[in-house]
Amino acid sequence: MSARSLWRGITAQFSTKSLVLIPIAVGINLIGGTLSSALKLPLFLDMIGTTVIACLSGPWVAALCGLLTNVFLALVANPVYLPYALSSVLCGLVIGYMVKAGLFKRIWGVVLVWLACALVNTVTASLITVFVYGGATGVNGTSVLTAALVVAVKNIVISVLSSSMLENLIDKGITVLIAYVIVRRIPKRFLSQYALDGSKDQDDLDDLDDLDEDEDKEEREVAGVPSRESSVRRGEIDSAAESDGGTSTGDPADLDRGRTQRSER
Amino acid sequence: MTEVIRVEDFSFRYRDADRTTLKRVSFSVEQGSFFCIVGANGSGKSTLCNALVGLIPHYFVGKSKGSVSIEGRDVASSTIADLSRHVGLVFQNPFNQLSYTAGTVAEELAFGLGNHGVSRETMHAKVARVAALMHIEDLLDKNPLELSGGQVQRVALGSTLIMEPDILVLDECTAQLDPLGSEEIFDIVKRLNQKGITVVMVDHDMERVARCADQVMVLGAGRVRALGAPEEVFTDPEVEKWGIDIPDYVKLGRGLKDAGFDLSDLPVREDQAVRMIRETL
Amino acid sequence: MPGPASNGIPDSLLARMHPMAKIAGVCSLGLATLVWPDFTLGLGIIVVLFIAAVLGRVLRPFSGVMLGFGIPVTLMLLFIQGCYSPRNTKVILDLGFAQLGLEGSLYAAKIVVTLLVFLGSFYLTNKTTYMGRLVAALTQIGVPSKIGYLILASLNVVPQMQRRIAVIEQSQHARGLETGGGLISRARAFLPLLGPVVLSSLTDSQERGMTLETRGFGIRGVRQTSYLEVVWRRSDTVMTILFTVFLVLALVLCCLSRAGLITLAIQWGGRA
């Protein structure tokens, strides 16, 4: 891929549709913090929004979201968060490219995303903590754990790495899980406006081929007469009904089965 | 009378959608008229509004056929920013029509002008004029996020009008407001229409539609099911099967007719109904 | 984010200063503290910042933030770096289970002081600047409007979302779900309520994007203008020159010190 097409691919991700998601994703990142303090957990949960936006708009938008989260925290809470923007950006990129590769569609892929994210975050955040901050950023869960480890191990770098690894494994695991659940719940109508996974083959399916077809069918539907036609789109529901022994398409159970079949494709 | 909106055989399907949302819609709107669009939920009214301002095809992804032109400009080959100077959109949720970049209502109103590079003096003058029009002069220094829904909707309408469009598209813009807020918006819209601005309004309040509209278009399942003056459309018995709740006056008239009274026309508006009742008594 | 009339920014010398001049100050003071060999310069700058806080009429919140962050981080770093830094050779205090080393403590002090200078100057800038004016100033010097949008929108959208969550939290407290019930039951009560807030925020974004587009957001080739006027005054030029000179002096002195021509660092005592 040439440099120019790569650049164009990156800038294309920053359409208004994606840009307007970013502050909301930052908000979701920060809601994670509220959530963890409400549940009295010593975690951050500050990458839920970044993960969700990675699924919608791609790696570079996710990276920008991570950066902006740290900038926002630096402005509003404490500038101590600013150098950690580097780890947020890297995590955003890693998650984004993994999601783009389709890893979020399978459970084992989700596990991979979790581990990769935990690893990247551990390494970069620890390096920042040690080299910028000398090992601690104040009285918080990680720093206290680091202090305890330092007494035992007598090595600053190893203590920071260990406490960070432990924290990150738990934190990122829950984060990725919550983000996965959220993305599954997003209405399909909204998701398809962002579809990342090469929808070039969708173009044919999108053809306006039903413009004349269901003119009669609709009139009959409205008049309350059941339709005898079965066009492509109703096919799944019909086949679900037939496999059950030919019950009518009006049966709610069949419609549900039809819907599940479609989503598992 | 010149045609300011012309929609020809327009069809649209959102990407990955199960069905086509708009099918072969054709109509035209004349300058200065009050054009109302009615229809059941899901009939494609919002999609049509989005198509009129260029959000389809430039913001929403999907397949389209046919054409939409605004004041002679083809929407598909213009940009949303260009079109915003000719046609403006106000939709239901007031708080989604703020830019979220402004700390005061004045800055919010000026947001669109800033994007177009208008000079500061012109900005201040236009903001003052629009604020007077929308009756929000006392709100200019307030934070838009602290206002009520009705106030924010007036700010949204102001932000649209500050671009000085000749056409206003209103997609159920009073649905989330209380009756007072709703009336305030509607008074402003009526006055604007009297001054010559073309209004295309989607609404559920049939009495209001019957009262104000020059033309009514009924959308059902993505197609145009009826198009004409309110008197024709609302008295057409076919129209009700598309989920339209016709004005009470028509029902009243039908009731009287069924009871044996001889009526020349069925009333759709209050004044017509009053006249009808006087005639029968 | 409040507007000029209703916000909490008291009128003061600092508030009237041009935002870019303040940014120049943050960079200059921060960098100077960073490059200086020990913590003495930073300490002096912190004192100056407190004076500036008085001038900006934000002394009380400023002190709260500085001490609230400064004290815990000093203790933590003195402990971690002071006792266990690999560069410790001289001992200044024997705690029994550990020994507080000189080099480590100095290193910790330097870090704390640098952090406090950045924190303090950032905080002062933030509290005495209306964000709309900051972004207007940035736009004037050519920063893309999309970046300005991201900053301002985050500052507005995020508190709005947090308020929605706070309302949900309060309703949970009212139902007595804070007391009693372990982690699982709290999670089960709380999480299903967050879902709708998150999902509705996401779908809101679609309409907000529509709004931005119809207001001409992101037009190429047009020079953005602002409703707010940000004036560059002579005092701003003076301050910027002072900040630049200060930074340059600090850099020069540090280079000379590294080259061994002058000694800047003070020799502190301590047993070997």
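Residue numbering begins at 1 within each chain, and the chains themselves are lettered A, B and C in the order written.
In this text, a contact is a pair of C-beta atoms (placed from the backbone, for glycine too) under 8 Å apart; a residue touches a chain by one contact, two chains touch by 3 or more.
Please read these numbers as outputs of a predicted model, since none were measured by experiment.
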Let me check something: if the centre of a chain is the mean of its CA atoms, which chain is farthest from chain C? B
By C-alpha centres, the chain nearest the middle of everything shown is A
Would you mind telling me which chain pair, B-C or A-B, is linked by more contacting C-beta pairs? B-C
Find the geometric centre of each of chain A and chain C from their Cα atoms only, then give the gap between the two centres in Å, rounded to an integer. 29
Chain B to chain C, mean C-alpha position gap in Å, rounds to 46
Interchain centroid distance [CA atoms averaged], chain A/chain B, Å: 36
Which residue numbers or ranges of chain A touch two or more of the other chains? 16-17, 23, 193
Per-residue overlap in chain B, given as positions that touch at least 2 other chains: 59, 100
The positions of chain C in contact with two or more other chains are 149, 153, 156-157, 160, 204, 208-209, 212-213, 217-218
Touching residues (chain side chain C, partner chain B) in the complex: 1-7, 130-132, 135, 145, 148-149, 152-153, 156-157, 160, 204, 207-219, 222-229
Note: in the complex, chain B contacts chain A through residues 11, 13-20, 23-24, 59-65, 100, 220-221, 223, 241-242
Write out the stretch or stretches of chain C touching chain A in their complex. 65, 69, 72-73, 75-77, 79-81, 83-86, 97-98, 107-108, 111, 115, 118-119, 122-123, 126, 146, 149-151, 153-158, 160-162, 165-166, 169, 172, 183, 186-187, 190-191, 194-195, 197-199, 201-206, 208-209, 212-213, 217-218
What residues of chain A sit close enough to touch chain B in their complex? 16-17, 23, 188-189, 192-193, 195, 199, 202-203, 206-208, 210-211, 214-215, 218, 222-223, 233
Per the touch rule, the chain A residues reaching chain C in their complex are 14, 16-17, 19-24, 26-28, 30-31, 34-35, 38-41, 52, 64, 68, 71-72, 74-76, 78-80, 133-139, 143, 146-147, 150-151, 154-156, 178, 181-182, 185-187, 190, 193
